[in-house]
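In what follows, subunit A forms one complex with subunit B and a second complex with subunit C.
Then we have the complex of A and B:
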């Protein structure tokens, strides 16, 4: 009886010794002690069978933006994919930084895990962004406004923006959604246009000053057209990223990596 | 009465001493405080290493390299104006020229120049604004 009691006591002692101190990790994260955090996690040898070690290591990789190491570890140790909360906050965190890495994690989950992410908000949102025919009814109202904004931009045509910029310098910006810099663009073009017109009218087309002012006006006018088309591509990417960022934020709100 | 005067004198003397030491400390700290100079931005010279042979041999490339060099080294430094974008217009134009070629690059540069107003930042989402309130404007269109 005494031996049994002693054994139970010893087991309790060993188990408490081998556990990771989560409050200590919280302290390390909050005070930004990265080196100490890494050293503490590495102080546990791989042979030690601690369930939570893998989770803490994965959280560490996410926290320090080591996404490739994170994905490698998940692929090597697919047991962690059974933890739905880990998948929730890791997809949320990954999506804020890289769309391709999030897709990789979803793929790893479908191949090696329980395919938990197949019905997740993030996967549906990623599909929604890529396919115009899909319905956005599943989105909560707070995300719906961001999606509507993205959809509005997605349907804009580059040639319309270019045509408007040709007709009235700066109008293309109004169309693509850069309204705040419309006036600046409009005034610059009008000013250089007027200067070029006046110099040609006064000195003739072969005059050096006329050539210079016409050249500057042409550069601004053409850049206004080409820039509008180029900027629309950027805005589409920007709005897509913004919407996905909001989805990620919605998914991982209140989750801390410690 | 004399005692009182003596105490008053000592008190005033002490207060003055304290004030003097405070003044000395503040003068010393202000005089020998470490002064931080703004780092001089080293700007690379425009190059077309990654572009085709046409861009390398094109005389306009050499003209644009020279113009950009003169503007960034001698003119821009003396203007001292604030830019709404993280990457300044000339730097952005230079990178765009390196990435897209002279024609497209210079058009992108001119486009940013006419977009640079005090209120431009309101057109961009929060993710595109850095901690200093400048617009993040990479040349490449990164979908990831």
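Then we have the complex of A and C:
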């Protein structure tokens, strides 16, 4: 009976001191053995006292783009925030996925970690796109061109675009940088304007055909103005996302998870 | 009594579920253990044995996606046992066929035939199933080189499916050019055909009416904006409907052929060869 008890005790001790083999995990990652990787991490029960288990699980979530799970778990295991390369990798990949989630990670790092991300390129870039007064001198030259492109669009005013579209249909598109749309917008408005003019000239404004052509012309004319304003908003978001994507790419290039 | 029966049923159900979960877990654990052995072993032949073990385990569990993945890790040159190699080539050909990697299936099948010279009806059937989907020339070449069992002749339909084409396609398009909507109606889409006739007819009449009222600018503009768009749009729609019709007929042919193949496979089943 005593021997049996001793054996059980030894087994418990042995299992609680089992260690994760990091080179085996690298082997699983190298050969893309995702199921085995998952099974291996799950083979260690949560009650097992292994410090690195959570760390490897977090890496696993990142590897498989399970960013929500990663964020949910990272605040519970703040020790992970001591790994600067993991933080560089995760912010770089998170930013490509969601701006708000990246901000959450930066916040988690400032609250529970060593505030490593406070001085990072990504945090500075996030501040830069939100504040026009900040200088972009910290950006490397390869990112500078993307930022200049974004800034050019950011400085454009929606009311200027709208006013130009009102004065000359298509001019608003030219102003917001959609040069190819200019001719299309201009010609369509000229065509419908001409039919409206001709019908009013021939039958007067109260004629059904005149009302129809004037209605069609008005719809196209107004939608051209609305489209210019709406398009500018979209382009601004697009350019911002593009710039931040490039920053994320720059940040995560050469940083490996394993 | 009722209470006892209900509890018994619940107990059985829970046990079945637990058993199933355990089974999946056991399979995953065994795959992990083999992978650990692969990681630890330094010898290529030994590694290859473990790869084969993983491959066979996944076949037993019908985890075919994984089987195909494990297949890519196995090397024929590390086999010591020729029977095991034969079985491996057979399984590899079959699994590659199942996951639709026909080039690999052909390579493994050829390796199997080179090694065994197997001329059994099952082997011929597998060869035909692989070659039929490659291209018609390789299918015919394969047929020429073998003295085929007559039961397998019905499989010719397999090689014909990819080459099925609708006859007189140009005729449908010409019909749409002459009378807008006619070609579309001929493809079986009568409603869209009628819609096209009515749209183009009313648009043309409207433009003509504008001309009669001396609205020459409007005639030009509306005519330019609507008539070519509707006319050529209908021709494009006819082409699209033709493609759909061709796909439909090809699918019908494929279903008939599949039924024939299924009947044949019931008579001459092709199974994995798992000797362990």
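Keep in mind that, in the parts below, the second predicted complex is superposed on the first by the 194 of 258 C-alpha atoms of A that agree within 3 Å, B and C clash if a C-alpha of one lies under 4 Å from a C-alpha of the other, contacts with A are read in each partner's own complex, and residues count from 1 in each chain.
Keep this in mind: contacts are C-beta pairs under 8 Å (C-beta built on N, C-alpha and C of every residue); 3 or more make two chains touch, one makes a residue touch a chain.
Just so it is clear, the structure is predicted and the values come from calculations on it, not from any experiment.
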| item | value |
| --- | --- |
| Partner chain in contact with A:183 - subunit B first, subunit C second, else both or neither | first |
| Contacts of A:78 with subunit B and subunit C, given as first, second, both or neither | neither |
| Which superposed partner A:24 touches (first subunit B, second subunit C, both, neither) | second |
| Partner chain(s) touched by A:213 [first = subunit B, second = subunit C, both, neither] | second |
| Which superposed partner A:100 touches (first subunit B, second subunit C, both, neither) | first |
| Partner chain(s) touched by A:198 [first = subunit B, second = subunit C, both, neither] | second |
| Subunit B versus subunit C, judged by how many residues of subunit A each one touches | B |
| First (subunit B), second (subunit C), both or neither touched by A:43 | second |
| Footprint of subunit A on subunit C - complex, ascending | 28-29, 31-32, 35-36, 39, 66, 73, 213-215, 217-218, 221-222, 225 |
| Touching residues on subunit A, where the partner in the complex is subunit B | 98-100, 173, 177-181, 183-185, 188-189, 219-220, 222-224, 226-228, 230-231, 233-234, 237-242, 245 |
| Complex contacts: residues of subunit B adjacent to subunit A | 104, 106-117, 119-125, 127-128, 141-144 |
| Sites on subunit A touched by subunit C in the complex | 23-24, 27-28, 31, 33, 35-36, 39-40, 43, 191-192, 194-195, 198-199, 202, 213 |
